[in-house]
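Okay, so chain A shows up in both of these, paired with chain B first and chain C after.
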Partner chain A sequence: MDLKNKGFFDEEGLQKSNRFPKNRGFIISSDAFIGLTVLAFLILVSLSYVAQVNIDSWNNIDLINSARDLSTVLEKNLVFENAIKQQSSELIQQNINESLQSICFEARIYSSTDLNTPILGALKADCTKSFSELVSVERTIIVNDSNVSFYVAKMEAWYK
Partner chain B sequence: MNNKGQFFSPDLLIAISIFLVILGFFFYSSNSVFSQIDFFEIKKDADEVSHSTMNILVYSPGVPFNWEEKSLADTNLFGLALNRNVISQEKLVALITDLNNSYSQTKSKLGFGRYDFKLQLLDLNGSVLYTSYLDSNNTKLEIIYERTVLFNEQIAVLRGVVGLEK
Partner chain C sequence: MNKKGFLFTISVVLFASTLLFFSQNYLNENIGRETMILRSYSTSSEPFLNDDLSFDIERIFDLDIKIGYEANKIEIIINDSLPKQYSVSNALTNYASFLNNTFFARIKGTQTIDLTNINDGSLEVFFDDNFSFTHNYDSPFVSLTSNGITLSSVDLNLDYNGSLSSYTWTRTAGIAPVVIRYEDDVNSFTISDLIDPSNTSTLVLLYSDSNTTITLGDTGTANSFKIDTNSTKITYYDINLTYSFDANFLPVKINSILSHSDNRIDSNSYLKILN
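Entry: the complex of A and B
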């Protein structure tokens, strides 16, 4: 049987159904699409884990050290004691304002008999109480005036 | 023989191209991630050494307590404190002199074997009162550690600058 003459082959002898196959493969087949989707998902998940690595893991310790340092220095420089004697927060405010630039501080002084209501307080200028991480340290202040009194200085610190 | 299978069909070329692009992306991103992990490790180590050393400098008088009167070889541990957070001028000057004159030896005794270290004392206006010399041309990153201290009855800032070398 002459198939060429019956239309099954063209002039070059190619079978017509092979030359223009109707079920030809797609560039992105369904399988490849699913595979790529799973791959992209895995990449995103792994990248999200990498992004969670915190390079500033010492931030909290830095904050605690800074708050401890400032409260120690203010105590040893008699700032807390003089502020209590003068019943004025101005001295504390002045010193806190000149502290490390990147950190906000708030100092409050309580009488040892009432730890709920501060008798003095100072918040560093240009700071608001907005933070993701806050540390708090306390020191006991002894004021020797006519009689010995005990106070507690509470210093809070957070990053600007 | 015209309909014989080809070694490189258009589909195969496209598939190989996509595969190579994905492979290239993986190599690029993995190199970036590895270099970031290396940097994290170095910074973590520098952080540990720096925090430990700065704590000792600010809290301890050193070992022996009068190390500033002794030679560098007789100094076991540097410390600058007369008492907690109160810095001795004599100890500070002695340490800065040691850093300027015998940098490598002093740096090693401080614990900064792999890293560069510069010590400064600043007043609250940011003016440098004392500083050691450090050639920062070879450092690619400087990490600053600041501690609030009392110096000559004035509040000051003790700054340690740790340099990660290129």
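Entry: the complex of A and C
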């Protein structure tokens, strides 16, 4: 029997598989498509996990530490107390202008009798109140000037 | 050919699964660390508040305490005045009211402060177990008592809002150098001497209607100092006491307890001037 003429061998005598001869390409394409889809899905899920990693809390801690440090320094160097005695924000302004370049600060002083209306305030130069993360810390301030009075210093901080 | 394809498929599935596994773990690890950091960070609220309040107490008393550390000796530096020209007791009562009614409500967690130990007429400050400082504002005197640590030198500056009539300096000779500089509205003098810190040396300042006594060395306890006055006019003083004491860490605490509780934290600690 002439197998070549029966279609089992090609011109070079190699055996042809003629099982599903018309569907073969479609099956391979479907298989690859499904495989690639599954792979892409797994990669996307993986990326979604990685994207959920949030480092904002670390940044917030840096901001809180910076605000705490600056408010502590201004209190212990008597900047807040002297500013209240002089009724002027200039001392506070000078000091916060010399703080960390990458962070904006705003300091406000409130009398203990009215914590809604600041009596003094200073916003760091070249800063605007535009932020995605804001932290705020408060310290009590004592003014000892023939009698003792109490104030609250509020320091807000955000990244430039 | 089929085996190769199968192996390739398995490899890709394994790779993708590993990627998924590691990214999920990375996320969980990060969430865990973030939680841990935030939780541990909340412990920093108490020291910040403690530092704030202890500085307030210093300001209410217009008191400044510092410590300098050198090889085999420490310097205790106190800047203070007596008697106070305002009611310290009223100031402390108002301060406690301000904290409890206004300020603590603005802070996360629950806080209480017990100022009764310093609102009893006397502020006590402990330098670990080694020294204690007392500022009595009812019957004005200040003292620093040493717990057996040798006083090696004293440098005292006095500034009185009045006029001195006369003074007497009585000392027990020793090897500890003492320099006292006195100044008032009219007079000034300096004493430079060597004293025995185990015995009593005394400077009495006589005014027209009152007197001030400064005791160095044995004030009832050796190696200590005390200023006692019955004058109503204010005396500012700053004193630098050097002790033979090998330390590079001496916590300084006010005899007043701050209680703080917040998110698994429950602390009761003395107000700390220096950690």
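As a convention for this text, the second predicted complex is superposed on the first by the 125 of 160 C-alpha atoms of A that agree within 3 Å, B and C clash if a C-alpha of one lies under 4 Å from a C-alpha of the other, contacts with A are read in each partner's own complex, and residues count from 1 in each chain.
We adopt the following convention: contacts are C-beta pairs under 8 Å (C-beta built on N, C-alpha and C of every residue); 3 or more make two chains touch, one makes a residue touch a chain.
None of these values were measured; they are calculated from a predicted model.
Enquirer: Which of the two partners, first being chain B and second being chain C, lies in contact with A:I142: first, second, both, or neither?
Expert: In the superposed model, A:I142 contacts chain C only, not chain B.
Enquirer: Mind telling me which of the two, chain B or chain C, contacts the most residues of chain A?
Expert: Between chain B and chain C, the winner on chain A residue contacts is C.
Enquirer: By the touch definition at the top of the document, which applies to A:L39: first (chain B), second (chain C), both, or neither?
Expert: both
Enquirer: Mind working out whether A:I61 is in touch with chain B, chain C, both or neither, as first, second, both or neither?
Expert: both
Enquirer: Should A:S112 be classified as contacting the first partner (chain B), the second (chain C), both, or neither?
Expert: The answer is second: A:S112 touches chain C but not chain B.
Enquirer: Name the contact category of A:V50: first (chain B only), second (chain C only), both, or neither.
Expert: both
Enquirer: Scan A:S99 for contacts with chain B and chain C and give back first, second, both or neither.
Expert: first
Enquirer: Where does A:T72 make contact in the superposed view: on chain B (first), on chain C (second), on both, or on neither?
Expert: In the superposition, A:T72 contacts both chain B and chain C.
Enquirer: Where on chain A do the contacts from chain B and from chain C line up?
Expert: 39, 47, 50, 53, 57-58, 61, 72, 76
Enquirer: Which of the residues in chain C end up touching chain A in this complex?
Expert: So the residues of chain C in touch with chain A come to 9, 12-13, 16-17, 19-20, 22-24, 26-27, 30, 34, 37-38, 41, 48, 51-53, 55-56, 59-60, 62, 85-86, 91, 94-95, 98-99, 102-103, 106-107.
Enquirer: Show which residues of chain B lie in contact with chain A when the two form their complex.
Expert: 2-3, 11, 14, 22, 29, 33, 36, 40, 43-44, 47, 51, 55, 58, 84-86, 124, 145-150, 153, 155, 157
Enquirer: Sort out for me which residues of chain A touch chain C in the complex.
Expert: Counting only chain A, the residues touching chain C are 35, 38-39, 42-43, 45-47, 49-50, 52-54, 57-58, 61, 64, 68, 72, 75-76, 81, 112, 115, 137-144, 146-148, 150, 152.
Enquirer: Contact residues on chain A for chain B in the complex?
Expert: Interface residues on the chain A side: 12-15, 18, 25, 27, 39, 47, 50, 53, 55, 57-58, 61-62, 65-66, 69-70, 72-73, 76-77, 95, 98-100.
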